[in-house]
Amino acid sequence: MEALIIHAPGDLRVEEVPTPGTLPHQLKVRVRCGGICGSDLHYYQHGGFGTVRIQQPMILGHEVSGVIEAVGSGVTGFTVGERVAVSPSHPCGQCRYCQQGLQNHCLDMRYFGSAMRMPHVQGAFRQELVVDATQAHRLAASVSDAVGALAEPLSVALHAVRRAGPLVGQNVLVTGCGPIGALLVVAARRAGATHITVTDVANAPLRSAEKVGADEALNVADDPAALARHEADKGHFDVLFEASGNERALAGAFAALRPRGVIVQVGLGGNMTLPINTIVAKEFDLRGAFRFHEEFATAVTLLNKGLADVKPLISATLPYRDAGRAFALAADRSQAMKVVLDFS
Amino acid sequence: MEALIIHAPGDLRVEEVPTPGTLPHQLKVRVRCGGICGSDLHYYQHGGFGTVRIQQPMILGHEVSGVIEAVGSGVTGFTVGERVAVSPSHPCGQCRYCQQGLQNHCLDMRYFGSAMRMPHVQGAFRQELVVDATQAHRLAASVSDAVGALAEPLSVALHAVRRAGPLVGQNVLVTGCGPIGALLVVAARRAGATHITVTDVANAPLRSAEKVGADEALNVADDPAALARHEADKGHFDVLFEASGNERALAGAFAALRPRGVIVQVGLGGNMTLPINTIVAKEFDLRGAFRFHEEFATAVTLLNKGLADVKPLISATLPYRDAGRAFALAADRSQAMKVVLDFS
Amino acid sequence: MEALIIHAPGDLRVEEVPTPGTLPHQLKVRVRCGGICGSDLHYYQHGGFGTVRIQQPMILGHEVSGVIEAVGSGVTGFTVGERVAVSPSHPCGQCRYCQQGLQNHCLDMRYFGSAMRMPHVQGAFRQELVVDATQAHRLAASVSDAVGALAEPLSVALHAVRRAGPLVGQNVLVTGCGPIGALLVVAARRAGATHITVTDVANAPLRSAEKVGADEALNVADDPAALARHEADKGHFDVLFEASGNERALAGAFAALRPRGVIVQVGLGGNMTLPINTIVAKEFDLRGAFRFHEEFATAVTLLNKGLADVKPLISATLPYRDAGRAFALAADRSQAMKVVLDFS
Amino acid sequence: MEALIIHAPGDLRVEEVPTPGTLPHQLKVRVRCGGICGSDLHYYQHGGFGTVRIQQPMILGHEVSGVIEAVGSGVTGFTVGERVAVSPSHPCGQCRYCQQGLQNHCLDMRYFGSAMRMPHVQGAFRQELVVDATQAHRLAASVSDAVGALAEPLSVALHAVRRAGPLVGQNVLVTGCGPIGALLVVAARRAGATHITVTDVANAPLRSAEKVGADEALNVADDPAALARHEADKGHFDVLFEASGNERALAGAFAALRPRGVIVQVGLGGNMTLPINTIVAKEFDLRGAFRFHEEFATAVTLLNKGLADVKPLISATLPYRDAGRAFALAADRSQAMKVVLDFS
């Protein structure tokens, strides 16, 4: 079979790789669609992010859907031909954190297409994928392969929402409207937020956020003081989801966030310089949100039941052999939100 | 003006009462619609509930909407002619509990149409109502007067949902499908519940619950073991909203509720005999939910933005002069969910 | 070796049983002390409790300390001769609940001396015990064998305290002053409770509770209205630990418990008839507390560091061959709080 | 009467000021002791901190105890001659945040000796003080005037502990061992922490922290890698109280803090540059803690009952007329922890 393998920044190749055998607890999945994530782009453009660097050739990709081709002898509940979304996350189940129900902090995590450990965990941008049966989640007929591939980033947004606590009746601010920011709008609305404002420095992503339900979209490049209207009485917003990874976005929202406001930091962004006195005096609660665990099943259920509509976020679907073009498009925020590769 | 005054069980009269003056911090509201609540029915049928009894004539009603007729000299933000939903709740703001943000436990609460204190607090089933400006919440043009009157029971459901904690991705069971049970379906879905089962002993309310989004509706009179399908692995449901006030409904759900499951008890029901060992061994968390506070504003916002659809629950709208017929209809579960009185 | 085996109510025998081999992940412990628990008493007096019944001969006991006699080949961190408290709890680590960090709800729990499953899990009142290394917790030299045996019931109390949430500055009521009630006084004080009232129907246990720090001890048999002094302004207590398993104790405390008060139900007691309207109207939060998991390590640390003093609760230490006398003493609340068996 | 008035950096004068009258809801208190706080030092040394600057002469001080001299006609529950600790905090009770029980975020807060608003709120370093009766808390005979003056900083520590959530069985790290850091050791222990490590860049404060119960005291100036021993398995500590206001202390603790670890930021410190990716990937929860509200009553109760021992933290008590010497001593970390002024 063929796979998309990153060798070095800018050097992404379609190469032949062997299909591994299917163990008793595993499923073999014929991949149909794979979404390009910001981290895939970072590997492609820069060879990694932060301290994480590609040190050996690695198959990219961790947002995929497909069809079951073979079922391991010990697996029940799946049959050949069923369509599934595949979670890229495979925690060990044994370590201190798994035993506390914090599988996203597993000491021995295997996560598709990640260079965080050596040897790297190979990714899912390939024609055939062998996974633990627990990683597969059945898709309803109403959910397209491309939408199914978005179960993974939707899980990230749902996990961030879960970190925020109850949102019913809350005023929510989302800074940064890439795919995760836009999915945070979907997830926050699903969780009951009554008002959602989004900010970005570009108009195209703001329009996408409006399409999936944002009440207000502010371009803070055009008007750096756009949030000032929400600063009365120590601030309007109850919750901030920071999805840009930009310190100006984070600190710039402090005056509009009420005392005891919750900040969920989702965006990665290296060092940030922050006015710690404001965090103290307004007693903010700044929480990191990283990947997901049980939220993958929730994401698939929401898609299956039509309780979350992510379709407006799919900008284009291209054949995996056009990966170069697809990655270029995914990198252009004025053109694309989520770009999906077609492996069928 | 005229008002609906209960004198004794079954003795509900339309009588002329004087309109009070409007103080500087108050609004005068011409009432348009008023929903008949279970407690109104209890006053009408039995003269009260539990230890609460009518001891003097009392105007009924606490679920109303109307139009502003006069604005007190000290009130800003409202103008004559605006349509509003009116919260029946008027806490003192000074007592120990108000100062803790627990206004629904105010030591000096004034709640429309309640015989809990002497003299009773007169209710809102009248042509004109004078209220504190904080009790009024503007309705959008898209929200009818009748739907606006449902802001109050929706607030009760939202408060119960808030008591439950985050519901995103949760499996929810609602026992009892009267108006509050049905509104709990609406509120739980809005809060992100992915599966909602409802039970009742009658079919008509179950059909209403399905209309507002329940995934599964079980008649436990027809099949007392209907929940057994959800009892594997110590139970399927994460959260139970008990809205029937019936001990069989509550205890009957224990086997289908997972360990650490949350039970929000909304229904009132006198003494209940419960298997306390199950509560201990499964570490349930049984929480009372009583009235609401900030949830009234949330309810109106959800209605104004079209984020909660309660219209299917309005069975009929009758003139207030036909109160007898309206109350009889409201008491007939095979015919009616929510019955609204028209005061215009 | 010898063990204490219950055959039928009142039929407790000292019998010879074989010592099992020590597997690579296990430790062999020479038991020194074992505390008699209320459930041991129930097996002895009534053959069980609730629906749990002895259906085959079973070694009793689950509160023990001892000395390591042999260390499995795969175990690190222990050496022969070290003194340990032994947790009776051995969850599977694999099931749905273990993977959520809720090991006390394990679907395949093995808990020493419990007839909840068939075949029963044999207990720890024996001379030699083979346990998983994770069940052993080193005791400091300052902690006696008898005190070490109390790590288990202290864990139960700590788990109940954890279920209650933060206690710093809280007014706490403990109903029922058996060993668990008295240990709840110790644990609640350790957690920062500023006022602790205890109630019981007998004076001896109340005196014990005072010895370990209760601020106020009320005999509600002598004065059924003793709590009335705490009922002003809807109630004085923030948290109630119900350790008697008696419905009068539970319901009798409602008027003295403030709105939003937390009730942690620890005592087992069959069916209880409760005024559900009070739970609703005061929005109580009634939480079951069952056994423990990580709290065992906490209990041993508190004992090792002298941060919890449970010594005043040990009424007597008797040789295991005098088990009949020891069980009779343990059953006499006017004479005994915790009775410890000496296996050395 | 005389008061200590700051006119400019370094310009602190003993001056005569008039005693205000006592209104019906007020008490007049003859001040006996006043603790010098870090913020008093900042006003004295630099004229303020952050953006807060002295713009008019201001009486310093907010940590005081004294004796009631006069009782307003409307006050019940106090008599002349009683000794009290006085809370410097006087929220409005009416605003949005007061009505949510978040009085420390009051929109119209009056806090003794604070230049945060104009005109400044005059402080409590004076011979006579008129306060709202709600600000006074009776001291037990066993509590000295000097210890009573520490109720205020103990409240700050208790509030920070409350922000951290339950501490029973937790491993706690405190960075920065000034008076607040040391009181955090006392408060965290009272709340059930089983292990407490403290760090500082000076030895004297570390010794003080050990005197009040720290298990381990590390000088990170002498050994910048001192915390490395706690970094295995993604980190040992469950909770970090950051009391230094130093970004190296905060970021330097990240590797020793477990995933989902809670950071309570108490120290003020201008801008801090932080590795946000670590906060995200380890899902830290960084919470500001600012002043206190109900914790003042808790602090006094803990002191009255002997449940918190703060006496070892009082370095010296000097007459208020020696304020210059007292402030110099308070500023010398090698000599002093808490310096108290004697106003009697």
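For reference, chains read A, B, C and D in written order, and residue numbers begin at 1 within each chain.
Rule of thumb we're sticking to: a contact is a pair of C-beta atoms (placed from the backbone, for glycine too) under 8 Å apart; a residue touches a chain by one contact, two chains touch by 3 or more.
Everything numeric here is computed off the predicted structure, so don't read it as measured data.
Contact with both chain A and chain D is made by B, C. In terms of C-beta pairs in contact, B-C outnumbers the other of A-B and B-C. Centre-to-centre spacing of chain B and chain C amounts to 42 Å, using the average Cα coordinate of each chain.
Once the centre of each chain is set as its mean CA position, chain A and chain B turn out to be 39 Å apart.
Multi-chain contact residues of chain B (touching two or more other chains) are listed as 102.
Contact residues of chain C toward chain D in the complex are 158, 161-162, 165-169, 187, 189-192, 194-195, 294-295, 297-298, 301-302, 305, 307.
Put simply, chain D touches chain A in their complex at residues 50, 96-97, 102, 104-105, 107, 163, 233-234, 245, 247, 250, 259-260, 265-277, 279-290.
Listing the residues of chain C that touch chain A in their complex gives 93-94, 98-103.
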